[in-house]
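Every chain is named by a letter (A, B, C, D, E and F) in the order it is written, and numbering of its residues begins at 1.
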Amino acid sequence: MHLVFIGAHPDDETSSSGTIAKYTANGHEATIVMTTRGGRGHWEIPSEELERIRTKEMESAAKILGAEVIFLDYKDADVPAGDALKEELVDVVRNLKPDIVLTFHPMVWRDDHKRVGQAATEACFKACLPLLETRYLAHRPVPDIYFFGSPMVPVEKDVYIDVSEYMDVKMESFAQHRSQWVKWDIDEDDSTRPLEEIRARMLHRARQYGLESGVEYAEAFMSQYGRKRALDFFPTVR
Amino acid sequence: MHLVFIGAHPDDETSSSGTIAKYTANGHEATIVMTTRGGRGHWEIPSEELERIRTKEMESAAKILGAEVIFLDYKDADVPAGDALKEELVDVVRNLKPDIVLTFHPMVWRDDHKRVGQAATEACFKACLPLLETRYLAHRPVPDIYFFGSPMVPVEKDVYIDVSEYMDVKMESFAQHRSQWVKWDIDEDDSTRPLEEIRARMLHRARQYGLESGVEYAEAFMSQYGRKRALDFFPTVR
Amino acid sequence: MHLVFIGAHPDDETSSSGTIAKYTANGHEATIVMTTRGGRGHWEIPSEELERIRTKEMESAAKILGAEVIFLDYKDADVPAGDALKEELVDVVRNLKPDIVLTFHPMVWRDDHKRVGQAATEACFKACLPLLETRYLAHRPVPDIYFFGSPMVPVEKDVYIDVSEYMDVKMESFAQHRSQWVKWDIDEDDSTRPLEEIRARMLHRARQYGLESGVEYAEAFMSQYGRKRALDFFPTVR
Amino acid sequence: MHLVFIGAHPDDETSSSGTIAKYTANGHEATIVMTTRGGRGHWEIPSEELERIRTKEMESAAKILGAEVIFLDYKDADVPAGDALKEELVDVVRNLKPDIVLTFHPMVWRDDHKRVGQAATEACFKACLPLLETRYLAHRPVPDIYFFGSPMVPVEKDVYIDVSEYMDVKMESFAQHRSQWVKWDIDEDDSTRPLEEIRARMLHRARQYGLESGVEYAEAFMSQYGRKRALDFFPTVR
Amino acid sequence: MHLVFIGAHPDDETSSSGTIAKYTANGHEATIVMTTRGGRGHWEIPSEELERIRTKEMESAAKILGAEVIFLDYKDADVPAGDALKEELVDVVRNLKPDIVLTFHPMVWRDDHKRVGQAATEACFKACLPLLETRYLAHRPVPDIYFFGSPMVPVEKDVYIDVSEYMDVKMESFAQHRSQWVKWDIDEDDSTRPLEEIRARMLHRARQYGLESGVEYAEAFMSQYGRKRALDFFPTVR
Amino acid sequence: MHLVFIGAHPDDETSSSGTIAKYTANGHEATIVMTTRGGRGHWEIPSEELERIRTKEMESAAKILGAEVIFLDYKDADVPAGDALKEELVDVVRNLKPDIVLTFHPMVWRDDHKRVGQAATEACFKACLPLLETRYLAHRPVPDIYFFGSPMVPVEKDVYIDVSEYMDVKMESFAQHRSQWVKWDIDEDDSTRPLEEIRARMLHRARQYGLESGVEYAEAFMSQYGRKRALDFFPTVR
């Protein structure tokens, strides 16, 4: 099984890092595709230097998760409209042959995120068309796609993954993104925010998803089509 | 594992009969609790005779499902308001010790159905209180409750059980309710409706739930609290 | 066609009075069933006298609408829990033989309103059971039920009736409820509110429903089951 | 301003205790009305003794919140159907003259809770009717009612109260309910759960509501009618 | 009356073919506008040959429905972003002068479908602007638009058209798309799927919409703005 | 405090004009940014002349509201796809330094409106990035954004501003858009519609929002993220 995460900026994978770690710990393959190197995610470090720094941070974080990393080299805050990204992702999908794709919901607020989510979703479909000729052969079937992020219109999370045993690796992996500790939330004030505060918020969210789904800690996703799956028996643990 | 179905009229169990059959076929215990004998569900047969007939039909249907039957002897179209039914169901629950209870959603339209759903739901909770003394000892934990029926306000089905292999037994079991073939839908015209037509509608509905959940045929339920369950991995079959 | 309105207090029919007037103006029969005489809907007039006054007001209002009136003589703010009202309404339905019933949605906030809505809805169903013996014979089929009022949980209005030509009669009919002009909205302050202010609000609401449904003035209802009706062609007026 | 909390079992007020403490700390009056003494909320202590214990606990907790307590002496797990509780609450409302009432949403799952919420809501309305004669005079206007609890059908929380400065008193107040520490969640296993675990969950929930509403810690309620309030300016803190 | 269907790939019209057939059978005009010839909808037939084949299939299918066909010659899986398609559709609308337009909901998942739905919706509006000069004069009023397809966020079907008498022509019309029988659902396995299986699913869906709307077979659409239409009387058939 | 309105066509600001007037009347600064001069919003006046006329009308309207106006000179019915408008708005935001931005919801139906709403929303975010170098320095924090308009998928209005005292200025301001009186609603028939009719509809809508939020007249908006704000006390006026 190959799990492919498609995001926009290094550290976007934090939404799903417990799940990624769980897959690799269970013998599956995981690849993180980042469409930019996050060259505008700081207040002072110049973009080029920042890209170098964040590339390294992303590689360290991925290593801890047991995942490969691929960068597509679009520019942060400049993921383009149009079909170029989608065309490129068709070949990424054909090459990586994912069973599962994790990406932004195509209706989230920020353009970088929305465009990555839209392009990734459509690329998964187009990658399966034999008559669409590119460098690689068609990949079938279309992977199952699970979305993270908060859409402009409320969409319910409908798949929760138990990551109780992967919270340490999730935390350690995030800690590699050192350039992002100080100014985590750019909408707020300028004072530095220590790693502990970020960790507390990450713990809170994973615990909240855990409370909603009956485990200690969880990550939550939206399935494409909100598709229900029939069970063999009622989900009871007794 | 003990699955207990709590309904109002013989043939109410048809909503869940594939699931009941699946549980018993897999070595679990199942009991059908009917709060009335359906003495008003006909146009001509007098109530007392009808109760005798439908009791027999219910017993035949349950036998095919591999389930026991218990009747509580309330009157059809007269399940009472108040707490009497609830008190009686507390002892039913304490006696049967269910792991799973299937019953009407407490907000469905018809009083008989609504009152059975409300009483059954509350009885499951009250049955677990040690300081509530009745003929039987407290039963803990509170069983998982799954609802069927169409509430007055839309509530989404969130648990689908694959019954593809139990459609024959579902059909055969329903066929025992011979008194209900001719005038299945009392709101419509008087002409007789052959069993085939009812079967077609049952097949359609199970197929619809199957299409919604990725299998051939399914039955669909609402969980109390709409509770999500965390998974270990994404639900993919590859 | 017989349209039966079942309400709790004289002037409840105002929610539907344009529709009632339209039906009678088109040759249909209409009956207004009031379960109380509104004996507590004032600040000073003693209950018994108030009941006499409001009975007269209701009769005048109904006359203008071309409808009959029946009172059931429960007490205002004391419509009882339990099944007595429902049993009485079964015979009302069997006697009046309605094709359409208008009543409160069974989940509105106030007990008088909720209990009338619940009892009326269930009575329509029970009235059709031949084996339920009462003074009258069973009435079939179950009438179509349309609800007014604001449920505790939002339920969308899904049927709009064009009453543009019946706004005058709607206004004149309401004006008969003279005891209700002064203290229309009991939750607000004590100052008298002239009829003009109430009329303005009634006009506003009918206009709002009109804007929502493409006509000048409308009344809006919720159908039981939120049932859709297939059309022969798309609803276009060209 | 008089804030009246109407609950079913001692410790129900914990849902709102930060808010209660905030009101009393700001010079307002607060009264906690408990319809039972919680005589069935334990596994071993006999009911009568338990009622004495929990009465004391409730009084200590209320004292810390700066609130008065009134008990109505219904039996735990036996709050009755029908109108008796409602009639009693009419006089409670007329006597206490609340500006604001906090109670269970009338559509929550457990009968004790649901019946208290339904009766309290209706009592607030009936208390304002001058022609309804009881021991006390009518109280007007109808208080604003805010609900807590989780209804059977999802209803969004729409009013958040910032209790960041009242978390200590909220915790200390809850700690008085010593009989409830050990077996807090009766649906789960028998092992004792230390106060710390309960506190962690309370903190988590208040923090979650805080995150949803932009403060450190909050309590969340549903307003009757989901009523919006117009503002003078956009809610911005700059 | 002129009904114009605007789709992306030959056989997209199947969603609405019963409705199209009904309109033409009742003396109305119908035109099917296909923005591509479906040149990538197969596993082996080369695109150019496939386009020729599917053009013929589409023409046969349209003939059976009594409708004209127009192709716009965009490429399958390559309907472009930007405004070119919209500009072209403005002239299609101005030329065809539709009263009713059927097209994809602008928020469906696949780019080809979404872009056609977005462009068609906006083109209907722009076509009515006199100051927007193109080859044709402005067409007014803006046609009524009804959508098919499954949006990324649930949108309720709100218009059902009874096609009970047009199921045969719907089936026969679909059967013309011979190139699409074998690999109808490209997300699934490679085995051939006989026409019978596709027909069974089409019948199931039309029957499901029929059950939802009270007729034998129906097609279902979403109106723009979810617009309600006031009725003269309640929709009852008695 | 600086309130910036970003719209597509002169008179779009009418949705928010009472709010704008209220802010300026209270000593705040307000700027109206119009991305086009509305050169296609008429049936006969040629575009260039129309642009000159509507520019003047907009300036008069803004003067009455106490607001500045800026035009961006895109063409009516031709606001482009792609990122050009967004890039331009980044500098508008950096230059104007708004605290609050009012714009179209990014999911409304018409392309001009949708593209303005999308670009304005994203521009507010991008304007705060220091590493994104443009003519102006970064503006932080990201302004609070409130949306008007009707999205393709229902989104609830969640912020109401009381404009009861600004209805006269709202009306007078709208009256300046003389070119828009005659053919206000282009989807309807050709007859002229006097200003009075438009005023009646504006009054109706403001009154409707007022009724929904407990004041005489209100304007209603959607906050980004549907964000709740914790209150200090329950919103009661007593």
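Following the convention adopted for this analysis, a contact is a pair of C-beta atoms (placed from the backbone, for glycine too) under 8 Å apart; a residue touches a chain by one contact, two chains touch by 3 or more.
For clarity, every value in this text was computed on a predicted model and none was experimentally measured.
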Which other chains touch chain A while also touching chain E?
-> B, F
Interface residue overlap between copies chain A and chain D, same or different (over half shared) | same
Could you work out which pair in A-E, D-F or A-D copies the interface of A-B, where over half of the contact pairs coincide by residue number?
-> D-F
Farthest chain from chain E by C-alpha centroid distance is chain D
Let me have the rounded angstrom distance from the C-alpha centre of chain B over to the C-alpha centre of chain F, please.
-> 55
Any idea how many Å lie between the Cα centroids of chain B and chain E?
-> 41
Between chain C and chain E, tell me the centre distance in angstrom, where each centre is the average of that chain's C-alpha atoms.
-> 42
CA centre of chain A versus CA centre of chain F: separation in Å?
-> 35
Provide the list of chain C residues touching at least two other chains, using ranges where the numbers run on.
-> 81-82, 153
Which chains touch, pair by pair?
-> A-B, A-D, A-E, A-F, B-C, B-D, B-E, C-D, C-E, C-F, D-F, E-F
The residues of chain D that touch chain A in their complex are 201, 204, 207-208, 211
Listed in rising order, chain C residues that touch chain E in their complex are 1, 22-23, 26, 99-100, 144, 146, 157-162, 209-210, 212-215, 218, 221, 227-236, 238
Residue ranges of chain B touching chain C (in the complex, touch as defined) | 39-44, 46-47, 50, 76-77, 80-82, 109-111, 150, 152-154, 186-189
Report the residues of chain B in contact with chain D in the complex, numbered from low to high.
-> 81-83, 86, 106-107, 118, 121-122, 125-126, 128-132, 140-142, 151, 153, 155, 224-226
